[in-house]
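Mind having a look at this structure? Questions to follow.
Order as written gives the chain letters A, B, C, D and E; numbering starts at 1 within each chain.
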Amino acid sequence: MTEGNHLASTRRAVLAGAMAMAAAPLMPRPVAAREVPSLAADVAAGRLPPLAERLPEEPLVVQPVERIGRYGGTWRAGLRGGGDTIGLIRMLGYEPLVAWDREWRNVVPHLATAWEVSDEARVYTFRLRRGVRWSDGKPFTAEDIAFVVNDLFAHPDWPGGAPTWLRSGGAGPRAEVVDAHTLRLVFRAPHGLLLQHLATGRGTELTMYQRAHCAQFHPATNPNVEQLVREGNHRNWVALFQARCGQVFTAQRWQPTIPTLNAWIPETPYTGATQVLNFRRNPFYWKVDPEGNQLPYLDRVSFRISDSVEDLTLRAMAGEIDMQDRHIATLANRAVFHDNRERGGYRFFEVVPDLYNAVALMLNQTHRDPVMRSVLGNREVRRALSHAINRREIIDAVFVGQGRPWGLGSRPESPLYQPGVGEAHTVFDRALANRLLDEAGLRNRDRQGFRLLPDGRRFSIEVMIIPAVRPEWGDAAEMIQRDWRQVGVELRIATIDRTLMEERRNRNEFDALIWEGSAGLGEALQPDHFLPSSWWSAFGIAWFRWVQSPTHPDAMEPPAHVKRQLALYDEMLRSADPAVQAERMKEIIRIASDQLYAIGIVLPPNGYGIVRNTFRNVPASMPGSWSWPHPGPVQTSQFFLA
Amino acid sequence: MTAEPILALREVTMTFPVRRGWLSRPAVLRAVAGVTLDVRPGEVLGIVGESGCGKTTLGRCIVGVHPPTSGRILLRPRDGGPLRDITRRDRALQAELARDIRMIFQDPFGSLNPRLTVFDIVAEPLRVHGEGGDRAALEDRVAAMLEKVGLRPDAMRRYPHAFSGGQRQRIGIARALILGPRIVVADEAVSALDVSVRAQILNLLQDLREEMGLTILFIGHDLGVVRAFCDRVAVMYCGELVEVAPAEELFRAPAHPYTEVLLSAVPEPDPRLRGQKRRIVLQGEVPDPLARPSGCVFHPRCPAAFDRCRNEAPELTSRGDGRAAACWRHEVVRSAA
Amino acid sequence: MSAAPLAPPVSSMADPLATASGWRLFWLRFRRHRVAFVSLWIVVALYGVAAFAEFLAPHPPDRTMGRYTYAPPQPFGLFWTDPTTGETAFRPHVDGYRVEIDPVALRRSFVPDATRPVDVCLFPRVEPYRLWGVVPLEHRLFGPCDPNDPFFLFGADRLGRDVLSRTIHGTRISLSVGLIGVALSLLLGIAIGGAAGYVGGALDAAVQRVSEVLRSLPTIPLWLGLAAALPREWDPLTIYFAITVLLSLIGWIELARVVRGRFLALRGEDFVLAARIEGMHPVRVVMRHMVPQVTSHVIATATLAIPAMILAETALSFLGLGLQPPLVSWGVLLQEAQNIRSVAAAPWLFLPGGAVVLAVLCLNFLGDGLRDAADPYDV
Amino acid sequence: MALFLLRRLGAMVATLVAISLIAFAVIELPPGDFATAYVAAMQANGVVMTEEEIAGLRAAYGLDGGLLERYAAWIWAILSRGDFGQSFEWRQPVSDLIWGRVGMSMVVELTALVVMWCVALPIGVYSAVRRYTVGDYAATLFGFLGLAVPNFLLALGLMYLSFRLTGSALSGLNDDRFIDAPWDAARIADFLAHLWAPVLVLATAGMAHLIRVLRANLLDELNKPYVVAARARGLPEGRLIWKYPVRVALNPLVSSIGLLLPTLISSSVVVGVVMSLPTAGPLLLRALMSQDTYLAGAFILLMGTLAILGTVISDLLLALVDPRVRHR
Amino acid sequence: MMSEHTGRDPVPQPLLRVEGLRVAFGPYEAVRGVDFSIAPGRVLCLVGESGCGKSVTARAVMRLVEPAGRVTAGRILWHGGESAEAMDLAALDSRGRDMRALRGPGMAMIFQEPMSALSPVHTIGEQLTEPMRLHLGLSRKAAEERAVDLLARVGIPNPRARLSAYAFQLSGGMRQRAMIAIALACSPKLLIADEPTTALDVTTQAQVLDLLAELVRELGMAMLFITHDLGVVAQLGDEVAVMYLGRIVERAPVFDLFDRPHHPYTQALLRSVPSLRGPRPRRLAAIEGLVPSLAALPPGCVFHPRCERAAAGLCDRDDPAETATADGLRTVRCHRVEAFAS
């Protein structure tokens, strides 16, 4: 059993992408590594064990993007005020059991070196990397993960229980510690997408708690926990636990006192009072470059916390930010960043968004009002409305001419891309639109020229938008409004608060909404625009209700094509074979596109980020998503300052 | 001389709570302290005293600006029936009384609403009391009234700021008299005017009084004017009446030491009197109204005070000849007589 | 008796001022303030612009010309010299654009090009529209003779919308926010302050206390909280009125303070006393004798409150809590402009800010002038 | 004086209770709670949360109690233990979060106040004494311009200008390297080098009001007999103006400091957000947006308290400088 | 009490001589050519109704009408300086050093309302010592000592404690005494009193008048006393100048004036003052008509519309010149002065 291979004993195991990881399997155990210069003094003074004792027996060898780097330097970037923990996870905290490769094609070994999946994808067995140490030098074992799964997620007091992505059949798994380096997760129902989910940002939740440290705050392992709760003036042990050990999305997990597997350790706790969040290198980090140099190259990370995007933008332009795309890389800023490249001494890198569309207008096909339901549920009406939109003009005006007309379908960069699907129903053809609407029984018009519903009311659609999230939506909506006016359909734009939008959506009290079209690369992980799978499946909230519970008063039985999709998805979950999953997913997307679950406008142009010229090993292009939590899978530990 | 009073004050007292800043608890200021006084029909009764003596407050109690804290105010009805208690007035009664008892104010600038024309100002009582009919009728009455007070009828189209002080006071008089009242309270009505104009206004009031049979309460501090204008004079000190007497008598032979002091202080327009006139120099200051002296209020400054004055407060007692004074010395005189 | 008058009395029957009403005197005093007088006319003009926005703006506010995103302002000229012949003729025009596309920066640059004039007409025929949503019209005051030509005197925004037209349309909401807000404040302020000042006593004390609390509260958090509490399903116009009401909730305090102070002073005035002795109904006393005295002063205070509301609206919009597109207000326009990109490359997007400054400035001068005229020695 | 203080304090407590009620109500008014706001924020980052997770969140934050109940608990904790509760977002005691920020705010705002006075005073006096001269108009125009330009525009412009001229963004109150450093001379120097910009923005905005009130007050006083009387005693004009009418005209302004403070605090929210200052504003805005009840509540309560304290202090100041107030 | 100084005494060398003084406020002339002079130890009373220009005249002497008003013509000759040459104050810069140096040691002023003429926020002591330290160069301590003496001199009890009192803490009479003390701080040669007793009650007025008379006698200073009350004039004045509409219509020693007023305005004025003596008049004598506005002065003699004896064709046409009696002690501005001056 060599590193990177699967547990070879069972050929029935599904091969999950480890083979694709280019260099890793072939890499011999690196030798003759140098000590990290900035740690040399500590090692010499005996405060730190020598490198060989810090590195695992089988360190993860990271292939640098450009070249072997050199040690030293600080990575400066910015965080938004308010716990910008997502950004931290992406940049510093992506250390899951299994990870994505840089191309977002395959799941590759990370903290787990190999895994086996049982039939029907119910039982997963992971082989953990040997000798990996937490930042306090304690070994990382299967017990650490079992603690999270069994003692936290399965504990009745733990808020929310196991996270959704870890559930199947409505419950989380049971963790079995086979030996110190072998862990088994046993699910109640098939969970074919587990590996992919593990490789997303949320997958890191399993590897963020050191049992030895966190058990102090758990009633099962520390009988005196009540006393600590009282002393710390906490509500209960969970609050105590989260305060001292953190929780995946809270700022509290970024404390110097919490042992971590990350490349850098915070120097001060991340709190609301923090102005600059500084990290120093983790001397026990478990990755090396091909020459055996312990990563990370960069000694420090320094994140300025700013409440003003403009402030961050100016800092980036002034060359005070080394690498970043988050918050600052807006469409509008591109030109100014371009102009200040020399002044700031930076270059651009490309970020391919995990979006199939920048503007996805979803019509509520399960409208509470039967007349509206029959009209919006009519595929021909939706086609008409799609053809009525002059996408080119919107792209010109709103998207600086970037991107092409697009409906619903995977991005060309996606493995699931199917020619013609994304382009379907996107031709601007006002005559066709009018004809289709006439044929759909919407021939009558009122004095202002608007079409009337069969019951005599005006055919008027209110669309909920939150321009605060994407300013383009408001602009696009205004242009769609004009286009639809031309075919006699009224669009009313409701600028709305997010909370309220979600409330109305979940109560199924809305006509339409605009959101971005997710996902365009990681379709299977976030399929809500392709079939009724979550509250974000706004095209058929009542169908989703039905999927959840057919007896729910708000539930509506979906039509045949939806049921077909649900069946396909079920097949997908039962198989952990990526090839099978890909085929099923493609068909689901084809149906969704054909049924116009969302009327899309434009295939989003690629985003960008800026990186200082001296800041190396940043790929020229990377996907951008929470499912592929960029730049995490690039392996930020191999960034260096030339 | 002892005609039935048209207006009678019985032990009228008016106090105000005074808060002197944040520290002290509210004190009680006795602006008017137990004034009893009869006003006879058709007379001009002068009320004199230095500033702060309560004469203005007394006048305001009578016209109904504020009800007295205690005591009674009685008014003889128009038909001459028995005196009617008008101490407490609701708005209806106030409106009714506003026909009988009216007021002329001191400040010819502040007493006329600068935003209204003279017509509006003078006609307002008519309108409030529902008299006068339509606009033309109102204009006729206002014009007649204006002529009566010596203004040209076309003045009614102008605003108060277009008039001099004397003219404004005429407007104020017109407003006071247009309802044909019986009693007019003139509160320092000529104090703000220049000498030459003051005489005009006083003469005008004199004429109108005779013509309309008015009873006038003339509140003032200029003793010369009071002497010239009033039939009877009441002298106030520290909220109390210290002397009441027919004008001639009072100026000839003041019965109360304070009256004497007042008279002696008036600068006479005759240089020959320089050094001849006996000037009584008062000790100290007017007492703080919040800390009234015991006994006779005037005793700390009185040149003729004796022991009794310090301990007992003298009542205002009549001497029988229409004169009354609140002074133990006067008491002595009376008992001697 | 006041201090001996230093200046001689000037009014007499012969004086032309003699028959002037209080309002006329007010006006005459006001006219002496030259800056305020000029400001008055600018403010009147601004409100005129607000009233006739549809007619005055060369384009509808939401008209996008996708080809002209971020087009800079075009210079306007009355005479045009033909570059080929060198002849100069009267031809009102703006310079057209030469477009340069930079594919890396994802940007089109526009350079005004004098050789391609866009003819400008008075009363050009345009697509039919309705003034105030009522009066059907087919012409605007001015604009390009050919409606398809670019015509951006203030430049264009990120959607190729005419900033001038949007600014003109924004005038309507921005100025009316102030006006309506102040009207509501006035209503509240006069009612509350008037009652407190006239009745006095416990009511006065209560009002004093409440307004002290409200004044002590930093307004932005209050507005933030309240603005966040507005039901978002309301349509933009309702939100607009709600925001106005919110602004006025704070605005009344100052007005109430002024009114109360004046009423307290007026209550002791002899002419009010005279009216009260008359047995007049208190409401009539207040309406006839007290309110007219405070109006000019209140108008001045109200005028000074309008700019504060305009600024408050822009600040709220800036924080994302005020009015939202598709409504067009100056605040909304500035909110869209408030990024480095605009500062750096499209500074004309801040021209609505110029409008804010102009309006606020003029309203302040006007208010100051009015106040001086109402009461030369009062703060 | 002692009695006055007591009464003033009593009134202050009553006002504070009112403020705390308002603060709490305002934060609780918007639909939804922290959980919904949190879920929405996660959603924006692509993290989808389920109903169970949300319910778990609510339970964890104690958002399931009644409004009054929570208010009572909150206010009781503050009064009994000085415990402002926990910030939902930061899972930290609120008191750990706010003091530093509020302190920084006070530094910025008080500096702005001082600058405002130092500039407004001479300008106000000048424009009153030289009424209707070019200088008066210029001063007035300057003051009004400061008032008319929205704060955020000024801040934004200043930041960009600084970027163009010096190549560095003008934001924050310290360079990164000083932020966790002790307050030594170097840090203070750096602090002052950053402080001027927000102070400038804040001061220009408030100055007009000060100038205008001072000018009006002074115009009122300039014609008073006591000024003529002082002149009749042969005092030099400059000394006379500053000693007599200015002194009297300042008194009402002294009492207005307290009222200026809430305004300053408000505008510093906006400036703080634009210029990314470590002041209360940005955190408050965040807290309000994310419905972090106790954090926002504590901020509003604290700002209200400071404002009221400001009023009390300025009342005392007034008593100090104005004998008419002192001796009554 | 003070019968010694009467108008009959030979007139000493004047301290101040005003010639043809004119003061304008904008387009209106409030003072239209006024002449008078005051000698040390003498009291000149300037009498007239409100708006006649008496206050303006007094302030113009101290050059305190600027900038609202302006001395447009005339000379204000000051003989109080070191040199024999008279100094023309009208030619000085009203805010200049020379003028300032004169205020305080040369001339001082007391005002009608002591409350508003005293600074509300400075102590009496501060305002009292200020001119001494400024003009006499006294130390704070010396100034305070002198201030205590002065306060005692003007009859303020417990003077040392009063130094730290504020104006609002004193009664009206005390305030006026304090005001007088401040005026006397630098021992002025000329005291200008602008209606100092008008705002006071009669009893207090009497005290203040006595005090002023005493001071003039003791200190030998000259006093220009502005009043509208002829009773006050009769008590205090050595000489009287009656003003009407910006001009002195009659000037005479006090006994002459009260005995035999020449100008019809003076006569009417005297008649309209009610006396406490003699028979009670049935009616008061009034001057009919109104004081014309400065904006619309009648032609000819400005008093002619109200004058009982105005002669048509003369008084309504020609402005009367000032005529002096043979002894030069008296001047009258009336066309028909011979016709009735008996």
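The rule we apply is simple: contacts are C-beta pairs under 8 Å (C-beta built on N, C-alpha and C of every residue); 3 or more make two chains touch, one makes a residue touch a chain.
Please read these numbers as outputs of a predicted model, since none were measured by experiment.
Q: Going only through chains that touch each other, what is the minimum step count from chain A to chain B?
A: The least step count works out to 2.
Q: Could you name the chain whose CA centroid falls nearest to the centroid of all protein CA atoms?
A: Most central by this criterion: D.
Q: Across the interfaces B-E and D-E, which one involves more C-beta pairs in contact?
A: B-E is joined by more C-beta pairs in contact.
Q: For chain A and chain C, let me know how many angstrom lie between their CA-based centres, rounded off.
A: Chain centroid spacing, chain A to chain C, equals 46 Å.
Q: Could you give the separation in Å between the centres of chain A and chain D, each centre being the mean of its C-alpha atoms?
A: The separation of the two C-alpha centroids amounts to 40 Å.
Q: Approximately how many whole Å separate the CA-defined centres of chain B and chain C?
A: Taking the average C-alpha coordinate of chain B and of chain C, the gap between them is 54 Å.
Q: Mind pulling the residue numbers of chain B that touch at least two other chains?
A: Expected reply: 164.
Q: What are the residue numbers in chain C that touch two or more other chains?
A: Residues 1, 3, 9, 11-12, 15, 228, 231, 338, 340, 344.
Q: What are the residue numbers in chain E that touch two or more other chains?
A: 50, 59, 111-113, 116, 290
Q: Within the complex, which stretch of chain D touches chain C?
A: Listed in rising order, the residues are 11, 14-15, 18-19, 22-23, 26-27, 29-31, 137, 140-141, 144-145, 147-153, 156-157, 160, 208, 212-213, 216-217, 219-220, 223, 225, 252, 259, 262-263, 265-267, 269-270, 273, 284-285, 288-289, 296, 299-300, 303-304, 307-308, 311.
Q: Which residues of chain B touch chain C once you look at their complex with the stated criterion?
A: 63-65, 91-98, 102-103, 105-107, 110-117, 124-125, 128-129, 157-159, 161-162, 164, 175, 192
Q: Can you name the residues of chain D that touch chain E in the complex?
A: Residues in contact with chain E: 224-226, 228-237, 243-244, 247-248, 251, 321-324, 327.
Q: Touching residues of chain C toward chain B in the complex: what are they?
A: The touching residues are 1, 9, 11-13, 15, 17-22, 25, 269-271, 273-281, 288-289, 292-293.
Q: Residues of chain E touching chain B in their complex?
A: Those residues of chain E that touch chain B are 1-3, 49-50, 171, 173-174, 201-203, 205-207, 209-210, 228-235, 237, 254-255, 258, 268-270, 272-277, 280-281, 283-288, 290-291.
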